[in-house]
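Naming follows writing order (A, B and C), and every chain is counted from residue 1.
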Amino acid sequence: MNRLERRDRLIRLALLMIAFSAVSVLAVITIFMFGEGTPVMFKYGVKSFLAGRDWYPLEKSFGLWPMIVGSLYVTAGAMTVGIPFGLACAIVLTEFSSRRVRRVIKPVIELLAGIPSVVYGFMGVVILIPFIREKLGGPGLSVLAASIILGVMVLPTIISISVDSIQAVPAAYREGSLALGATKLQTVKMVILPAARSGIIASIILGMGRAVGETMAVIMIAGNAISVPHSILDPVRTLTSNIALEMGYAAGEHRQALFATGVVLFVIIMILNTVANVTSSRRGGPGR
Amino acid sequence: MRRRVFTGLIILVAACLLCCGRNRSETSLIVAGSTSVQPFADKWAEVFMERHPGIGVNVQGGGSSAGIQACLSGACQIGTSSRELKPEEKILHEIVVARDGLAIVVNPSNPVRGATLEQIKEMFEGSLRNWMMLGGPDREITVVTREEGSGTRGAFQELVMGKARIFKGAITEDSNGTVREIVANDPYAVGFISLGLVNEEVRALSLDGVEGNENNILEGRYKLVRPFLFLSRGEPSGLAKEFIDFVLSAEGQELIKKEGLIPAR
Amino acid sequence: MRLGPRLEQRVATALLWVMTAMTIGVLVFIIVFVLRKGLPVIDVGFLTKNPVDMGKGGGIFSTVIGTVSLTAFAILIATPLGVGTAIYLTEYTWENAMTRVIRFGAECLAGIPSIIFGLFGFILFVTKLGFGWSILSGGLTLAFMILPTIIRTSEEAIKSVPPDYRTVSFSLGSTKWQTVTRVVLPSALPGIVTGVILSVGRSIGETAAVIFTAGSALRIPTSVFSSSRTMSVHFYIMAREGISMPRAYGTAAVLIIAILAVNIATYYLMNRFIRRYS
């Protein structure tokens, strides 16, 4: 083996190690989190940890249920806002607009994704919350506020992935449907959307993942109360806010309980991501 | 070109690792903890740094418990707290640098001007839910509290709530300033903040007829008072000691007196 | 109510356009609102003076430095790692179990919420490794957050370099590494730079992970061990606590302008890249 070949071998090895950096970081984070979080869960009983309704950590009372419900409500609410508007935009962008219009609107939507979450939260605080408080009641800091703001935040994710899926539908489908006399709308509703279904579902699930993981905007507008919300006007605390609010000072078992919260969050997001990957790789279409 | 970047990076990482074990520079001080203490610590730091150019004092928030933890773990040289230390935390060296009243604040548009301590307790406990019971409008009370690790909350819990828990539906925020913002914007909110941070955006309620001001505190009539503590591992030395000496000096105490705090003695 | 298909289409199309307009309207509204309240505050002094009195007065200079240092540090660490990974995945192996594991790792990392990175960074860098609240802790945490993006975009960029380039290079007698560094990478550079710029945009706006690892000290950072406040953290604190609304808006305006600039740069570069290869 001459010098150049040996050097190439070394470089290959170095690159392999570098390539594993992403995996190792993930592994370290996962091991760390599970290592710190699961003992506490088992000590207090997984069931009482997940289903308990009292979160008073300084009294060693760790019940995550209100936060789990909180995350679920807020995410569901975000999807209620995000899916209709997101799909509407995606359909308009792909089927009802010319190339020039698309060239303008698409970057604008991507800009929406770039705005920092704290600015979204701030908009919620300054505009949305007084509105909700005065017109609808309650303190304003609520499930509703969080749902609306989060819904807006996940729009770019849903839109861009749905646009890609819809554009991937073969032109033959479109043309065939129109040739049979269907209107554009009928084509979209009955041919294109079902064909792009798996990609659209993937986009929705990825959007859910984003909503579940959002922290800053939620802390600013959801109220962070540790009770299970009974109406959309009630304040709510999510799993992410729970971690952020208490991280600075948590020690000992309290800190481990926060890691356990992280574990729950992690598991939820992993499930969502895996489902998204599986649905998007199963593409319906001809020849399957 | 890539190789140069690569080598440069290796050197940078190596340099960082080399500096890793070394003590933090002696010309910089980290003061972390209570959000109640933070604005005043920052004021002290500003003046101190004017006097001693080249020395840096970094003031962080996070809450009293966070400051205590950071001090115990060595993440900061001086930890700050706005509540008394718990028995297991007493291994830290503590110095009272000021005293502060705890104010119960409402929106300026709220007609209610005062309440009894018992009523305040019931409001935060969740058993008193409507302003009507206090002579105010027929509206639900929006209760705002701090996170559990907050010194302000700890002091409030000790001085007002006693054994009762703050109820679950209370809005929780992570600093005095945020609580003040919420109360300032919501006509039906009530919260507790550091007396020194009360401004014209909120109004402090009188408790059992006693207004919360310096006079009443010094004469012992206003009962909600808590100490501002500077904490360190062992006796403070070096830069930390210099800073603390400045804080306790006549000038330092005068500085915060102007800002609304009660001097330490 | 059964409408004829033509009418149904008109109504539905109108509805879809209205919804799209609302979506765009929200975005435009946010940007206009922030810029309108924030631009008047921004002047040379705002950008070059330090915050005074916890931010009640003065400017945001130290936070600008904080943002720049933190982002630069994160990019410095993540780019070699990300590009290296991409090179390995595309040039040095074929698709096997190992590459799938590496890709899976990167995908998972991309999905982890920022607060978990913040928690992890706080416990590992700030506490256990003793770096304290510092640019070092924050930069490392941010680097791992942007790593998946850089890997993904670099891979795309390298893959789209035509195979002919490589064959010609080999036929001229160069080694693999020479081909990679002197032929493939320079051609893939716009795509890689796009990924880097995207990550810069993301780092500028990141708050959750940064506030718990880099801290919130107001002074200009003096070394990688100094704590430092970024613009987004500064905005968060000022807005939440009502310290100075005009300055909060000003900070937000600077943030949005910076991100707008980043987006425009990305878009321009992407277009150049696509045009070059299509």
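Keep this in mind: a residue touches a chain if its C-beta (ideal position, glycine included) is under 8 Å from a C-beta of that chain, and two chains touch if they have at least 3 such contacts.
Keep in mind it's a predicted model, so treat the numbers as computed, not measured.
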Completion exercise
Computed over C-alpha atoms, the centroid farthest from that of chain A is that of chain B
Problem - Which of A-C and A-B has more C-beta pairs touching across its chains - result: A-C
Fill in the blank from the handout: Expressed in whole Å, how far the mean CA point of chain B lies from that of chain C is 34
Handout entry: Rounded Å distance, chain A centre to chain C centre (Cα mean)
Key = 17
Problem - Inter-centroid spacing, chain B versus chain A (mean Cα positions, whole Å) - result: 34
Handout entry: Multi-partner residues of chain C (each touching 2 or more other chains)
Key = 80, 240
Fill in the blank from the handout: Two or more other chains are touched by the chain A residues 248
Exercise for the section: Two or more other chains in contact with one residue: find those residues in chain B. Expected result: 173
Exercise for the section: Over in the complex, which chain C residues touch chain B? Could you list them? Expected result: 52-54, 76-77, 80, 126-127, 129-133, 136, 181, 185, 215-219, 222-227, 237, 240-243
Practice task
Within their complex, state which residues of chain C touch chain A.
Solution key: 5-6, 8-9, 12-13, 15-17, 19-20, 22-24, 26-28, 30-31, 33-34, 80-82, 84-85, 87-89, 92, 101-102, 104-109, 111-120, 122-124, 144, 147-148, 151, 175-177, 201-202, 204-208, 212, 232, 235-236, 239-240, 248, 252, 255-256, 259-260, 262-263, 267
Exercise for the section: Name, in rising order, each residue of chain A that touches chain C in their complex. Expected result: 4-5, 7-8, 11-12, 14-16, 18-23, 25-29, 32-33, 36, 84-86, 88-89, 91-93, 96, 105, 107-112, 114-120, 122-123, 125, 127, 152, 155, 182-186, 209, 212-216, 220, 240, 243-244, 247-248, 255, 258-259, 262, 265-266, 269-270, 272-273, 277
Handout entry: chain B residues within the chain A interface of the complex
Key = 62-69, 142, 147-149, 165, 167-174, 182, 185-186, 188-189
Exercise for the section: Using the touch rule from the top, collect the residues of chain B that touch chain C in their complex. Expected result: 2-3, 5-6, 9, 12, 16, 19-20, 24-25, 28, 30, 32, 38-39, 42-43, 46, 56-61, 73-76, 173, 175-178, 180-181, 184, 201
